[in-house]
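Listed next: structures, encoded as structure tokens.
Each of the next two complexes has subunit A plus one other chain: subunit B in the first, subunit C in the second.
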Partner chain A sequence: MAEKPELKEKKTIWDKLQDLPVSSLFILVILSMSIIYVYPIGLPVPITQMAKDTFNALNTLPSGSYIWIYNAYATGSIAVHEPGLIAILRHSIAKHFKIILWSADTPIMLFPRVLEKIKPDLDRANYVYGKDWAYLYIPGGEPIWANILQDVWSVVTVDKDGKPFTQMPLMVDIKNRGPTYNSVNIVFFQTTGGETVDGMVRQVNVRYHQMTGVRLIGQILEIMVPAARPYYNAGNMDGIMNGGVGAAEYELLLGRPGAALKVTDMLSLAQLIVLAYWAVGNVGFFMKRYSRASVPKGGG
Partner chain B sequence: MEFIDIVGVWIAAILTIGITSISFKETFFSRWSEVTYLAMGTLTSIVWFPTDLRRYVLERVAPGGAWIPLGPRGGYLFVIFAVLIGIIAYGRYSRKYFWLYRYYLSLSVGTGIGVAMRGFIGANFLDQIRANFLSLVVPGDAYTSFNNTVMCVVVLSSLIYFIFTFKAIENPTVRRISIIGRYFMMIAFGVTFGTGITTRINQYAGRIEFLIIEWLGIKPIA
Partner chain C sequence: MAMRIVRRQVPLVLTFLTGMIYVSEWFVRETVLTDMTTGIANFIQTATVFVFLFSTINLTVIHVARIRRQLRGPKQLREIFLSSFLLAMIYIVGIVSAYYTVVRGWKLPSATPEYMWWYNNWYLSSSATAYAGTLFYIIAATYRILRIRSRESLVLIIGFFIALLYTTPVATSYIFGLSSLGEWLDRIIVTAANRAIMIGVGIGAILMGIRTLLAMETGYLGAREE
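Take a look at the complex of A and B:
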């Protein structure tokens, strides 16, 4: 029995537009991002109200305030979070805040990269480790944050390198001021996980905002902003740093252009390419539908 | 740059290219890069394990060599209890002792819920309702008036979409409102998808930066 020849529908131009190979998009994005990084064109970075609020939450605090920074990012989001942390640290040092950082293991391993960049700021402002700033190794989630704000000494008594709190005037001062929340004026967190935002709002804003006026700001990935924005609209968060774009805005507001601003051209161009592909695919989809609809229906 | 740093940069560059290649085709190279990355993450946790054990167990059970049964920081009885709870978590890997793992799970979930519930009503319920009581007309500020009106329409229509209980939902007008709510939700999902692309591009920008500056040694033109 002879095989029936397969009927192959000829691909039209609209089919081809709909099925542009994904690999071509990746190649184009990677190439264009690389080229524009070497030859930047300086596309504008508009400053949003959310970025201004984030900046002002820190900027309007008096000198000597206590900022607690929880950085929970790993290697995958260095490009997003590292510039944000550097910008916040530079701003805090310029405002002569007392800085307490805390995190789990990976951010501690990544911190030397940050320290290298903020060292000139620390030296210029005569910051002394243990007296003006400290870094604590505290793994754990929401229950631990609740304990930290209540009494940090009950959670841990040494810094990330094992130095006892008793030898650190900053931590001794915090203990002498009573419950730890008396020494928390603003909390800045960085995360790649949505549950951190919810937990921070519950443990910092809801519990202590009315009691002590503590402010809460955070840098989260762009993808998390739509879900976290209701907290900002409701006043649970004083500001949100919108991923790498937010870090670039912060650098502009601070007047200290850094790593985040360097990659904004890459982001803009890559987005334009994705948008162009999206438009081309849609043109193919609608034109195919239109051409089908316009074919007269015949019988037999 | 020292020799060891150069080796580190090359390994990082090879792994970056390997993991990127998964976007084009899954190969042995891409799988190897992916598994190596995961192994490094696991290794980091293992390396930090002795530090955790020393700081959160040994130094609490006997700080400076002195045993404290019950002190301001709990003392060793609490720590030993916590360690026991930690050990029974490994019951998960045994059919015989799996029931022990359930105690660990119920305790940790219970603690988490207990702590979270304290702020949940305020943050996720009351404050959100309060934030949606907006003036539809703000004198002299057309932009805010428009925004507030849109917000009210979105909130109400989206809420109506999720009402399945009442007969009223069969009313054609209510159905139309719920369809509007569905469209607004689709716009919101679209925004999330769009920001997802931004996030991934942003994260990859860091790797391109690394490849250009540290691996290839090309300086960007300022």
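Take a look at the complex of A and C:
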């Protein structure tokens, strides 16, 4: 028995609009991002109040203050977090802060990339490792942060390369000043996960803000910012660097445009393309439903 | 009976004591308590290092067994064998580079050029590529799934539309009022919703903590032996 030929409904313009090939969207996004990576066009980046607060949290501290930087980002978010760290380090060096970085794992491997970029700043400000800045390797989460702030010497006694604290004037000075929280004026953390925000608020702000006036700022991925926003609104965090956009805003406030602004250009254009495709798809979907509803039903 | 006490009762007592030390230290600033929490934190730090060691040994045992089965017994899927083989090779490279690290004077791997070469050229690029790959899933989903199919989805999509525009710096620069609208949504609506979630989670965590301290919650000990 011969099979009946399948009746194919003719595709209307609305069908086509809601079924645009996704590969074309991919190609457009890749092309736009690649072109902007090579030729940045400098799209405007408005400065938000959150970015201003983050900047001012650092900027209003006197020279010689102690900044503790906790890196907890991984290779996946390097495009966002690395420019943020560079901007904060440049600002801290310009303000002649004492800088203590610490991390539990991956960022130690990524730090040579950052060091390469901030080396001119360190040299210009005559920063000496061990005297003006240090990098510590401290595995562990929130309980460890609590102890670092109490007495960092009780947690580790060597830096990430095994250099003893006794040979580092910065760490000896911290010990001589009593409990470590006496040598913590501001904590800046970078994270891709939400639990770091909660832990930092508990251990830094809740515990020591009233006692020592310590400030807390953090760079969080854009997607996690809404979850951290209540802490910022309540004053538990002095500022939030909103992912890559926040890093770009910081670069602008610092007057040192860098990689984050380039990333923000790419983000702006890619998001506009996605938005245009989404709008076209919805117009097709909506018009198709509307035209179906308006066609008179046959009878007989 | 003795084993049962060791497996069940001792961990419960230890959990209670450790929990009470931490809770007391929060409220009572006594040097003795602070010293005790420092000791516990140092133990956690040491345990964290052992977790890395344990997971390395565990993974090695699993994958070496898989490779041996493939070589001796019935053939398995080629992809599974290849991934196990590749993993074993990476382990060997890692262990060799770590060995050289130790020989060079007990420095962390970050200090050696061999390890950094391997890290930058293999791990960094492949990890960043894998993460960047999610971009395509997200944009494809945005185009295909976010359709106005009902009134409820309309509300969701209006929110999505404002959020996406608001997080696009060039859009907030040129569209009048978008910045204020996004800021208002973030400050009032999003914060209110998140606060409700956070307070709920917080209360839940307190209750869970009390239950754990009182040995009413024993899930962390594993399956119960009857």
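Everything below uses one rule, namely that the second predicted complex is superposed on the first by the 285 of 300 C-alpha atoms of A that agree within 3 Å, B and C clash if a C-alpha of one lies under 4 Å from a C-alpha of the other, contacts with A are read in each partner's own complex, and residues count from 1 in each chain.
Note that a residue touches a chain if its C-beta (ideal position, glycine included) is under 8 Å from a C-beta of that chain, and two chains touch if they have at least 3 such contacts.
In this text, all values refer to a predicted model and were calculated from it rather than measured experimentally.
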| item | value |
| --- | --- |
| First, second, both or neither for A:V38, with subunit B first and subunit C second | first |
| First, second, both or neither for A:A146, with subunit B first and subunit C second | both |
| Touched partner set for A:N236, first subunit B, second subunit C, both or neither | first |
| Which superposed partner A:D161 touches (first subunit B, second subunit C, both, neither) | second |
| Which of subunit B and subunit C A:L20 touches, first, second, both or neither | second |
| Which of subunit B and subunit C A:V201 touches, first, second, both or neither | first |
| Touching partner for A:I78 - first (subunit B), second (subunit C), both, neither | both |
| Which of subunit B and subunit C A:Y137 touches, first, second, both or neither | both |
| Partner chain in contact with A:L115 - subunit B first, subunit C second, else both or neither | neither |
| Shared contact residues on subunit A - subunit B and subunit C | 22, 26, 29, 74, 76-79, 109, 137, 139, 143, 146, 154, 162, 222, 226-227, 230, 233, 245, 267, 270-271, 274 |
| Touch list for subunit B against partner subunit A, complex | 20, 23-24, 41, 44-45, 47-48, 51-52, 55-56, 59, 63, 72-74, 111-112, 115-116, 118-120, 122-124, 127-128, 130-131, 188, 191-192, 195-199, 201-209, 211-212, 218, 220-222 |
| Subunit A residues touching subunit B - in the complex, by the definition given at the top | 22-23, 26, 29-30, 33-34, 37-40, 74, 76-80, 105-106, 109, 137, 139, 141-143, 146, 153-154, 156-158, 162, 198-199, 201-203, 205-207, 221-223, 225-227, 230-231, 233-236, 243-245, 259, 262-263, 266-267, 270-271, 274 |
| Interface residues, subunit A side, partner subunit C - complex | 18, 20, 22, 25-26, 29, 43-46, 48-49, 74-79, 108-112, 137-140, 143-144, 146-147, 150-151, 154-155, 160-162, 222, 226-227, 229-230, 233, 245, 248, 264, 267-272, 274-275, 277-278, 281-282, 285-286 |
| Subunit A partner contacts - residues on subunit C that touch it in the complex | 22, 34, 37-38, 40-42, 44-45, 48-49, 105-111, 116, 119, 123-124, 127-128, 130-132, 135-136, 139-140, 142-144, 146-149, 157, 161, 164-165, 167-174, 179, 183, 186-187, 190-191, 194-195, 198 |
